[in-house]
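As written, the chain order gives the labels A, B, C, D and E, with residue 1 at the start of each chain.
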Amino acid sequence: MLDLLSLLSFGQGGWGNALLLGTLVTIALALTCVPIGLPLGLLVAVGARSKRRLPRAAATVFSTVFRGLPELLTLLLVYYGAQIAIQHLLERMGYAGEFHINAFFAAVVAFSLVLAAFSSEVWLGAFKTIPKGQYEAARSLGLSRRTTFVRIILPQLMRVALPGLSNNWLTLLKDSSLVSTISLVDLMRQTNLAVSATKQPMLFYFVCCLLYLLLSALSGVVFNRAERRFGRHVQGAR
Amino acid sequence: MSELVMSLLGYVIDPELLERYGARMLEGLGITIKLVALSYFLGLLLGWMLALGRMSGNKAVQLPCRAYIYFFRGSPLLAQLFLLYYGLGSLRGFWQDVGLWWFFRDAWYCSVLAFTLNTAAYQAEIFRGSLLAIPKGQYEACRALGLSRFTTMVRVVLPQSMLVALGPLGNELILMIKASAIASLVTVYDVMGVARLAFSRSFDFEVYLWAAVLYLIIVEIIRRALKRIEARLSRHVVP
Amino acid sequence: QDAIRIGIEGAYPPFNAVDAKGQLYGFDVDIANALCAAMKAKCTLVAQDWDGMIPALVARKFDAVVSSMVNTEERSRRVDFTDPYYRTRLAVAVPKDSKIPGVDAKYMKGKTVGAQSSSTQGMYAEDVYGKAGADVRLYPTPDEAGADLIAGRLDAMVHDKFPLLEWLQKNSEGCCKLLGEIPGTEGDTSIALRKGDDALKQRFNQAIKDIRADGTYQKISLKYFGADIY
Amino acid sequence: MSVTDALATEQNHGPRADAHGDDRPVVIQIRGMNKWYGSYHALHDIDLDVRQGERIILCGPSGSGKSTLIRCINQLEQIEQGSIHIHGADVTRQDKPAQVALRDVGMVFQHFNLFPHMTVLDNCTLAPMSVKGMSRRQAEESARERLEKVGMAHLTGQFPTQLSGGQQQRVAIARTLCMDPKIILFDEPTAALDPEMVKEVLDVMVRLANTGITMLCVTHEMGFARQMAERVLFLDQGVILEDTPPQDFFAAPRTERARAFLKQIL
Amino acid sequence: MSVTDALATEQNHGPRADAHGDDRPVVIQIRGMNKWYGSYHALHDIDLDVRQGERIILCGPSGSGKSTLIRCINQLEQIEQGSIHIHGADVTRQDKPAQVALRDVGMVFQHFNLFPHMTVLDNCTLAPMSVKGMSRRQAEESARERLEKVGMAHLTGQFPTQLSGGQQQRVAIARTLCMDPKIILFDEPTAALDPEMVKEVLDVMVRLANTGITMLCVTHEMGFARQMAERVLFLDQGVILEDTPPQDFFAAPRTERARAFLKQIL
């Protein structure tokens, strides 16, 4: 029993540090995707609501493709596909040097696309809950479209979309385990490494579960805060 | 004409590769469909019970349901499957004693179980959300008419809440189909599993593209089917 | 010029593994370092998941793979291989009380046989035992196959001789025994390089000769296996 | 034949000024009823007798507890103190006799609460079939009859969302009638309607009143109250402040509070 | 000081019977306006002149196009034919002058449409700050003044959901006033209110009318219409059937349709 615990220690021969680092990579990756994926998803949702055909079609295709493609494939396409394509292009243009897509960067791009696709559906649902009257009131006050969106619509969207987005976030946290394929060492890969080095799969998978549960709990706290923040006005409802 | 199509396809599809992995890919597709259909349906039943338990006023019912949902939503399916198959599976003596070894011995059963347990947690939350969306007035009207709780649920609440739940349920289905690749951890190879296997031997990206096409077709079929069902469920909603 | 990046899986003890600090170690690692010393090159070792190994090499994420990769016909269509730096054979392990008499394919009919997917042993299990009527199970890593052999879900497990021996000794909980090596499965474990990278291939080939000649290789091999596995 | 025309062909009981102290049996008897929402004391010591065939209007300012009072009667809200007897059965005990007694109580809501996914006919037949075990044929026949009464027989196949508010409310009344209630509770049945539709619903209610059914109605339609009520109850802050015939109430409300209220509303 | 009291201290213009054919400038001029929703012809050939300071009531059955008419005026709906000039600018051309002209038009909705995530004060200051570029201090000061006018100055920090319907509508009026409109359009401003709250909103509107602002108001409150309107427009099926002073309209509607309508509603 003590041997097992010492495997988790932070000292000599313990995997504590390694697991912690893996967790940090997981968090960093997921966190970096949020400021890219969510606005992009919002953009896609706005496109899908457009009266014009082109943005609507583009939004539908985007959402179907990146929701439909296995995440692993999206990841490989960005990491290898894009790299090979760009390399070819550069060679054509007579540039001999090597071009590299950073693994972290590729993962961020790929998962942001996926996050955007899934979150766009959440945003779309949220848009449906904003009464037409809000747009009309804003227009009749002469507010510009920008002000209407930023000051009136977005804060109300956030409140409704948060639960859905929190689902997207949890999925993202767990999807990020795919990055081991492109040599990023996240929590899942670190667990696998530890297992193969120590032959203690039960212990490490259990700890891995616990760490993920901890992340879920932490993000639960954050989301609850955010929900309270954006839902301030509903609190006092009679 | 058909020759032309074939020769055009020849540019896209490597016939040799197709011969070697085509059939297995379809087999994998079969596995995907069977695994997802079965666990999704079982998860639906379990999810319903969990949703009702989670909304129960009785703390002794509510808390375990909450814990279940939290655990299965909060941790990776991969780890859940691993702990179930290799973890519980290592207790061979115990299972033989209780006469369940036939179940835990089998990778397929274990995959179905793990997937069911996992999706049930997600579906429970979806159902809960959709139940919360039913106006209180509907329940009150049912009570005022003296309808039993069963009739209220089956005839009045369910048909309405399904309309709300349909979209998220569709998402969950798509996610499950993609997640079925995880079953390759316990030697159950679905489409993506086969594609990875084929790739690891041939190193030809093409197999991934086949998988992608299959996935996109499935997702598109689901999307259209959902649209149909939605149209049917929302006959009463005036456009 | 003289910076070489080398990809290593890090999940294949005793050939390669990662310790808690993220440091790679093992036979492959020592050999890689010895080769680099012989070539007077500055090497960086990159840990890379097995599935992405060859794509990463092709995409120039690193320049060579020193990760117990066996030269197979399918692989050599995508990458070039140097001269071998060790040779291995496949072997079969079975539970202690197993009644399987030998490793020949004909004995495997109706048996459940496990192996690591995307590896030479996996290919062998599928191509030979599978054809002979065995139920072949492919696992992401040998550890899971081993776990199932212990749990009694497998009747036999095909694996590389050296790691299999190590596993039987250290981690099998005394469940199993070596059934035997499979004749005719000698594989050349070589260093994989990008196609057409002939200059680098020359240097590696020379370096392998060099460390064989000056005894470095033997010292490393003895350290891990108590024998020279070249 | 419009509802208003039909009215003329029926016997008109008319408001009975002599209703108080009469010999009709008491169908609802409330004693010492108190209701709290959390710490908020919504109803204080309510005592009330309702006799068979009585038509009672409840009015009072917003939040005074009118809805709460009638919702307590049919047990949509649990009370914390006191008793409610309907046809002699204590409905606060959730036992078999209580259930049977409650079947005689129908309710019509402000927002109709029709089942949106069912047609008009299905809305009306669901309860008779599943609670009373009627056959579909029987249930449909009786539903059509009731829908005829409210002038909605021609729209049985529509979904509620395809109807105007007034039509929806008339269907809701028919749905309640299908259970053959002896008592009907109305909670502001016309408050959510466009002004033009108010009248069509009130017409149906006047006609109902003339069939001798017992009615308790929360409403702000004072013209209607004057026309059909036998008693007006005025609530404020959970207390019944007045309980008088309508002519007295409108002519000379006894309490200051009722006077202020009437001034606002008329 | 209640709004009604305040009323007395202001100069009361009173309904001007002599308003027609007067010399006040025309602020809204509508010519040959037609509006379709898809294939549904919602408004037919509307011609209308509104003079500065006029107080106009629009009434008519549900679906007759009242809302559509006033929503076309401030361009919440696009028209397919005809022209609308406000202060001489053609607002159907979505150009700069149109925008400037539209800034003079405020609107009050049936369902208030307050921004639920903002406090009362923020609701009132948003538009002046972002459209007119007022400083926060200036905007707040003017907002407080307007809120004072509608009797809501004591609740500036509340969120709309914490207010009663009547209070919300008064805030909505104040919010509109903060943009200093010359013309205000009202679309059934009291239809969604509890009966007791109707009066507090009507009081505010009567007071507004007396400041000489131009008002177009869709309402079913006929008492109010009688009290403050200079003209009553009666719409039916997208056509203006009557356009007369209120006393004529209520005493003797010229069309059969209007007579039937008044009978339903009064």
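One rule holds for everything that comes next: a residue touches a chain if its C-beta (ideal position, glycine included) is under 8 Å from a C-beta of that chain, and two chains touch if they have at least 3 such contacts.
Per UniProt, the chains are A, B = ABC transporter permease; D, E = Amino acid ABC transporter ATP-binding protein.
Just so it is clear, the model here is predicted, and its values are computed rather than measured.
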Query raised in the report: When you check each chain against subunit C and subunit D, which touch both of them?
Result: B
Report task. If we define chain centres by averaging CA atoms, which chain lands farthest from subunit D? Would you check? Result -> C
Query - Cα-centroid distance, subunit B (ABC transporter permease) relative to subunit C, in whole angstrom - result: 36
Query raised in the report: Rounded to the nearest whole Å, what is the centre-to-centre distance of subunit B (ABC transporter permease) and subunit D, using the mean of the C-alpha atoms as each centre?
Result: 48
Report summary line: Cα centroid separation, subunit A (ABC transporter permease) vs subunit B (ABC transporter permease), in Å, comes to 21
Query raised in the report: Considering subunit A (ABC transporter permease) alone, which of its residues make contact with at least two other chains?
Result: 76, 80, 201
Query - Multi-partner residues of subunit D (each touching 2 or more other chains) - result: none
Query raised in the report: Of all residues in subunit B (ABC transporter permease), which are in touch with two or more distinct other chains?
Result: 86, 90, 196
Query - Touch relationships between chains, expressed as pairs - result: A-B, A-C, A-E, B-C, B-D, D-E
Report task. Quick one: which bits of subunit A (ABC transporter permease) touch subunit E in the complex? Just the residue numbers, please. Result -> 131, 133-134, 136-137, 139-144, 147, 151-152, 155-156, 159, 230, 232-234, 236-238
Report summary line: Within the complex, subunit A (ABC transporter permease) is touched by subunit C residues 10-13, 17-22, 46-49, 51-52, 55-56, 58-61, 141, 143-144, 147, 170-171
Query raised in the report: Tell me, which parts of subunit D touch subunit B (ABC transporter permease) in their complex?
Result: 74-76, 99, 102-103, 105-107, 109, 111, 113-118, 126-127, 130-131, 159-162, 175-176, 179
Report task. Show which residues of subunit A (ABC transporter permease) lie in contact with subunit C when the two form their complex. Result -> 13-18, 21, 76, 79-80, 83-84, 87, 98, 100, 103, 180-183, 185, 189, 192-197, 199, 201
Report summary line: Listed in rising order, subunit B (ABC transporter permease) residues that touch subunit A (ABC transporter permease) in their complex are 70-71, 73-80, 82-83, 86-87, 90, 129, 167, 171, 174-175, 178, 181, 192, 196, 205, 208, 211-212, 215-216, 218-220, 223
